[in-house]
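Read through the structures below before going on.
Here chain A shows up in two complexes: once beside chain B, once beside chain C.
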Partner chain A sequence: MIIVGEKINTSRKSIAAAVEAQDVDFISEVAREQAEAGAHYIDVNAGTFLDKEVGYLCWLVEVVQNAVDLPLCLDSPNPKALAEAIKHHKGEPMINSISLEKERYEALLPVVTDRPCRVVALCMAETSMPNTVEERVQAGAQLINKLTNEGIPLEKIYLDPLVQPVSVDTGMGTAVLGAIQSIMNDLPGVNTICGLSNISFGLPMRSLINRNFLALCMNSGLSAAILDPTDKQLMATLLSTDMLLGRDEYCENFIEAYQSGHISGLS
Partner chain B sequence: MIIVGEKINTSRKSIAAAVEAQDVDFISEVAREQAEAGAHYIDVNAGTFLDKEVGYLCWLVEVVQNAVDLPLCLDSPNPKALAEAIKHHKGEPMINSISLEKERYEALLPVVTDRPCRVVALCMAETSMPNTVEERVQAGAQLINKLTNEGIPLEKIYLDPLVQPVSVDTGMGTAVLGAIQSIMNDLPGVNTICGLSNISFGLPMRSLINRNFLALCMNSGLSAAILDPTDKQLMATLLSTDMLLGRDEYCENFIEAYQSGHISGLS
Partner chain C sequence: MSEFSALSEAVIKGDIQTAVAETQTALDAGSNVQDIVDKGLIAAMDQVGEKFSTGQMFVPQMLRSAKTMQECMKLIKPLFEEGQLSAKGKVVIGTVRQDLHDIGKNLVAMMMEGAGFSITDLGVDVSPKDFTQKAQEVGADIVAMSALLSTTMPAMRETIEALQEAGIRDKVKVMIGGAPVTENFASEIKADSYAPDAGSAVIAAKKLLGIS
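This part shows the complex of A and B:
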C-alpha cells in the first residue's frame, strides 16, 4: 500500500498560516512526522492561495525535500503551478492530477511526459463527475490509453475513481469499490489511488466511516491512498487490513507498528 | 445482516456464575441488552459445564425466552444437549452446529429435521479443520447437498467457514473471505455465518482486528455473524459497512444508531 501523506495542504488553517509566514521549521516538522509515520510520498498543495499559489508551491517543494528524503505528490488544480513546481523537485514526483478535461489535459501532457513521473489521473468524463462504476472504468480506460500512447508506463499511472458522499447517493460507496476492482482486475499493473474523506461528507462519525471505507477499498485492490499517516486509528485499520488480506508475513508489520506506538485502536 | 448475540456463553465467568446460581435476573438482563442492541437471535451456550450442560442449557432457553421475544441460537458441541434444549424452545431456533463428522451428523440429523429450524453447518472435513478456500467450499457443498436432500431448505442453512488465527497462518483471513465469496456466489440463497474473534488470537489489539475482519467478511457477502451487539465500536463498523456497501437507504440506520447512542467510534 503506497501512502501519500496529505497534511501539507493550505486548506488546513495551520498550514496556510505557516506558508504565508514562510515558516520552514513548521512545514519541515509536518513533513517529517508523516515520513516517520510511514508516508511514501508527501503531498504538497497550496491551491487555496490562487494567485500566489505558484510561488508558494515551489517554496513548499524546496522546504519539504530539504526536510525529508521522499518524493512529493505535487497537487494542484492549476497546470501552471504543477509545471513550475516540478522544476524544483528532485527525483521522480507524483503529479496530482490529469483528467480528460481538454484544456487541463493539453496543458499537463508536456509536464508529465517531459521527465519520469507518476501521474494521478481522474476517472471522470470531460466535464462531469462520475456516478456509476462504468463511467469511472470507461474514463480510466480512456486515460490509460492516451497516457500509455504518450509513453507513460502503465505502472506509473494512478487512477483516482473519485470518491463522492454516500450521504448524497447510497450507491457511491459500491460505485468506487466496483470501479477499483474492475480496474485492478482488467488492467494488471496499473495503480489506483483515492482520498477517503469525501465518502463521509454530511455524516456523523466521519473518521470511523473513512477508516472502514479504506478497509473496503483495500479489499477491492486499491494500491495507494492519500491520507494522514499520523492518524493512529486510520493506520491501525490500514495495517490490520493488510494483515487480514494476507499481505503481512508473520504479522510482522502490524506487531511492529503496535510495539512502536504507531497505531492505536482506542483514541 | 443477521446478528446472533454471543454473550450468554458459560465460557464467560459472569455467565457461568449466574447459571450456577440460577440467577434469572442477570441472565434476563444480558438477553435484553443484546435484544435492545439489535440482536436477531440470542446464542445460549453452557458447554463448559459438561455433565450439567443439558439441564443448564434447557434452563437458559426458558429464562431467555421469557425475557425477550426472540428466537435463540442453541449452541453446543453435544448433540444430546441440543436435542433436549430444542424441546424447550418456542418458535424456530437456530441450531449450532452440525458437521460432516459422522457421529455428530447422525445424532443431530433427527433433531434438525424434526421441526423447522435454522442450522449452522461447519465447513470442515470429517475430522480436520480446513485450511484452504477449496476445503471449506467442498465441505460446505457436501453439507448443503446432504441437508437439502433431507428436506432442509437452502435458505435455512448457515455455513460457517471456520475462522482460524491469522497469527498462525497469514492466509487464514483470505481463506475465509474467499470461501464466503465463493459460497455466496455459487449457491444463491444459502447463508454464511461466523464468529470473528478467532482471527485475532495471539495478536495485540484484538477488538480492532475483529472489527476490521467483520467489515471484510461483509464485503465478501457474509449474511450473519455471532458477535457482541452491545460492543458499540463493533456495531459502528457493522452499520457503517452496511452503509458503505449501499445497503442502508438514506443512511437511515447508521444515523439513527448514532443518534440513539448505539454506536461509537471512540471508546
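This part shows the complex of A and C:
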C-alpha cells in the first residue's frame, strides 16, 4: 500500500495559520511526523488561499522537501498552481489531479508530460460526477487510454474512483469497491487511489466507517490511499488488513508497528 | 400539541406509510390544507433541520424525512391552484460554473423545500448568466450558490456581479456554501449569508427574509 500523508492541507486551521505565518518549523514537523508514521508521499494543498495559492504551494514544496526526503503529492484543482509547484519539486512528484473535464485536462497535460511524475486521474466523465461502477470504469479507461497515448506509463497512473457519501446513497460504497475491483482486474499494472473520509459524510462514528471502508477497498485491490498516517487506529486497520491479505511476510510490518507504538487498537 | 402531531412525528421518523395515511385522514376530516402543510409537514421538517444541525439526526434520516414530506405533498398539491399554496419565499439554487458537485446543494434544496420555500434548482455548472436570468424570471427572493472546489469559488463573485449588472442585486439575497467556502469569503464577495450545512441554510434563509 502506498500511503499519501494528507495532513498538510490548508483546509485545516492549524496548517492555514502556519502557512500564512510562513512557519517553517511547524510545517516541517507535520511533514516529519507523517514520514515517521510511514507515509511514502506527503500531500501539500494550499487551495483555500485562492489568489495566494500558487505562492504558498511553492513555499510548501520547498519547506516540506527540506524537512523530509520524500516525494510530494502536489494537490490542487488549479492547473496553474500545479504547473508552478512542480518546478520547485525535487524528484518525481505525484500530481493530484487530472480529469476528463476539458479545461482541466488541457491545462494539465503539458504539466504531467513535461517531466517524469505520477498522475492521479479522477474517474469522472467530462460533465458529471459518477454514480455507478460502469461510469467510473468507463471514465478510468478513457483517461488511461489518453494518458498512455501521451507517453505516461500505466503504472504511473493512479485512478481515483471518487468516493461519495454512503449517507446519500447506500450504493456509493459498492460503486467504489466494484470500480476498484474491475479496474485492477482489467488493467494490470495501473494503480488505484482514494481518500476515505467522503464515504462517512453525514454519519456518526466517521472514523470507524472510514477504517472499515479502507479495509474493504484494500480487499478490492486498492493500491494507494490518501490518509492521516499518524492516526494509529487507521494505520492498525491498514497494516492488519495487509497482513490478512497475505502481503506481510511473517506479519513483520504489523508486529513492528505495534512494538514501535505506531499502531493502536485504542482511540 | 398540534392536531397534526401524529403526522409530524411520522415525518420526523420518515415513516412514509403512516405520514401519508395521516395526511389523508386530516384531509378527510376537512382540516385546512394550508394548516396541514404548515403545522404538520413544515413544522416537522423544521425540527428535522434543527436536530440535524445539532448532530442529533444524520443525513440519511433527513433524506428520509424529506422524502416522506414529498409523498404527503403529492396528496396535497392537487388541492391547490397554481401558486395558491403560500411559499415562504422563492429560491433559485445551483452549483456554480464548472463545478459538478451536487450532493451538498441537493441537501440544501431539499431542506429548503421542506421548510416551505419554493425551489428552482438549476443543477450543476450554472453560469452567472443562468443564475441571473432565472432569478429575474421567477422573481427570486434568494439566490443560493454552492461550490466544492477552490477553483470554482470565484464564480460566486462573478454571479454576484452579474446580479448587480442586471440591476437585481438589491432585490435578491445571496447565500453561499460548500466545503471550501467560509464566512470570510462570503463577506469578501459581499454575499448576504454563508451556511455550513443544510440545516443552517434553512435558518439563514429565514433570517434573510425576516421569517421566524
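One rule holds for everything that comes next: the second predicted complex is superposed on the first by the 267 of 267 C-alpha atoms of A that agree within 3 Å, B and C clash if a C-alpha of one lies under 4 Å from a C-alpha of the other, contacts with A are read in each partner's own complex, and residues count from 1 in each chain.
In the analysis below, a residue touches a chain if its C-beta (ideal position, glycine included) is under 8 Å from a C-beta of that chain, and two chains touch if they have at least 3 such contacts.
Quick caveat: nothing in here was measured; it's all calculated off a predicted structure.
Enquirer: Given the touch rule stated above, what does A:L154 touch, chain B (first), chain C (second), both, or neither?
Expert: Touch partners of A:L154: none, neither chain B nor chain C.
Enquirer: With the two complexes superposed on chain A, say which partner A:S167 touches: chain B (first), chain C (second), both, or neither.
Expert: both
Enquirer: Check whether A:P204 is in contact with chain B, with chain C, with both or with neither, and answer first, second, both or neither.
Expert: Both partners.
Enquirer: Using the superposition on chain A described above, determine whether A:A21 touches chain B (first), chain C (second), both, or neither.
Expert: Neither partner.
Enquirer: Of chain B and chain C, which one contacts the greater number of residues in chain A?
Expert: Of chain B and chain C, the partner in contact with more residues of chain A is B.
Enquirer: Tell me which partner A:E103 touches in the superposition: chain B (first), chain C (second), both or neither.
Expert: Only chain C is touched by A:E103; chain B is not.
Enquirer: For A:S128, select first, second, both or neither according to whether it touches chain B, chain C, the two together, or no partner.
Expert: After superposing on A, A:S128 lies in contact with chain C but is clear of chain B.
Enquirer: By the touch definition at the top of the document, which applies to A:Y258: first (chain B), second (chain C), both, or neither?
Expert: In the superposition, A:Y258 contacts chain B only.
Enquirer: Where on chain A do the contacts from chain B and from chain C line up?
Expert: The answer is residues 167, 170, 203-204 of chain A.
Enquirer: For chain B, which residues count as touching chain A in their complex?
Expert: These residues of chain B touch chain A: 166-167, 170-171, 173-174, 177, 199, 203-205, 207-209, 212-213, 215-216, 219-220, 236-237, 240-241, 243-246, 248-251, 254-255, 258, 263, 265-267.
Enquirer: Can you list the chain A residues touching chain C in their complex?
Expert: Chain A reaches chain C through residues 11, 47-50, 53, 76-78, 101, 103, 124, 127-129, 164-165, 167-168, 170, 201-204.
Enquirer: In the complex formed with chain A, which residues of chain C make contact?
Expert: Interface residues on chain C, with respect to chain A: 55, 58-60, 62-63, 98, 100-103, 106-107, 124-125, 149-154, 179-180, 182.
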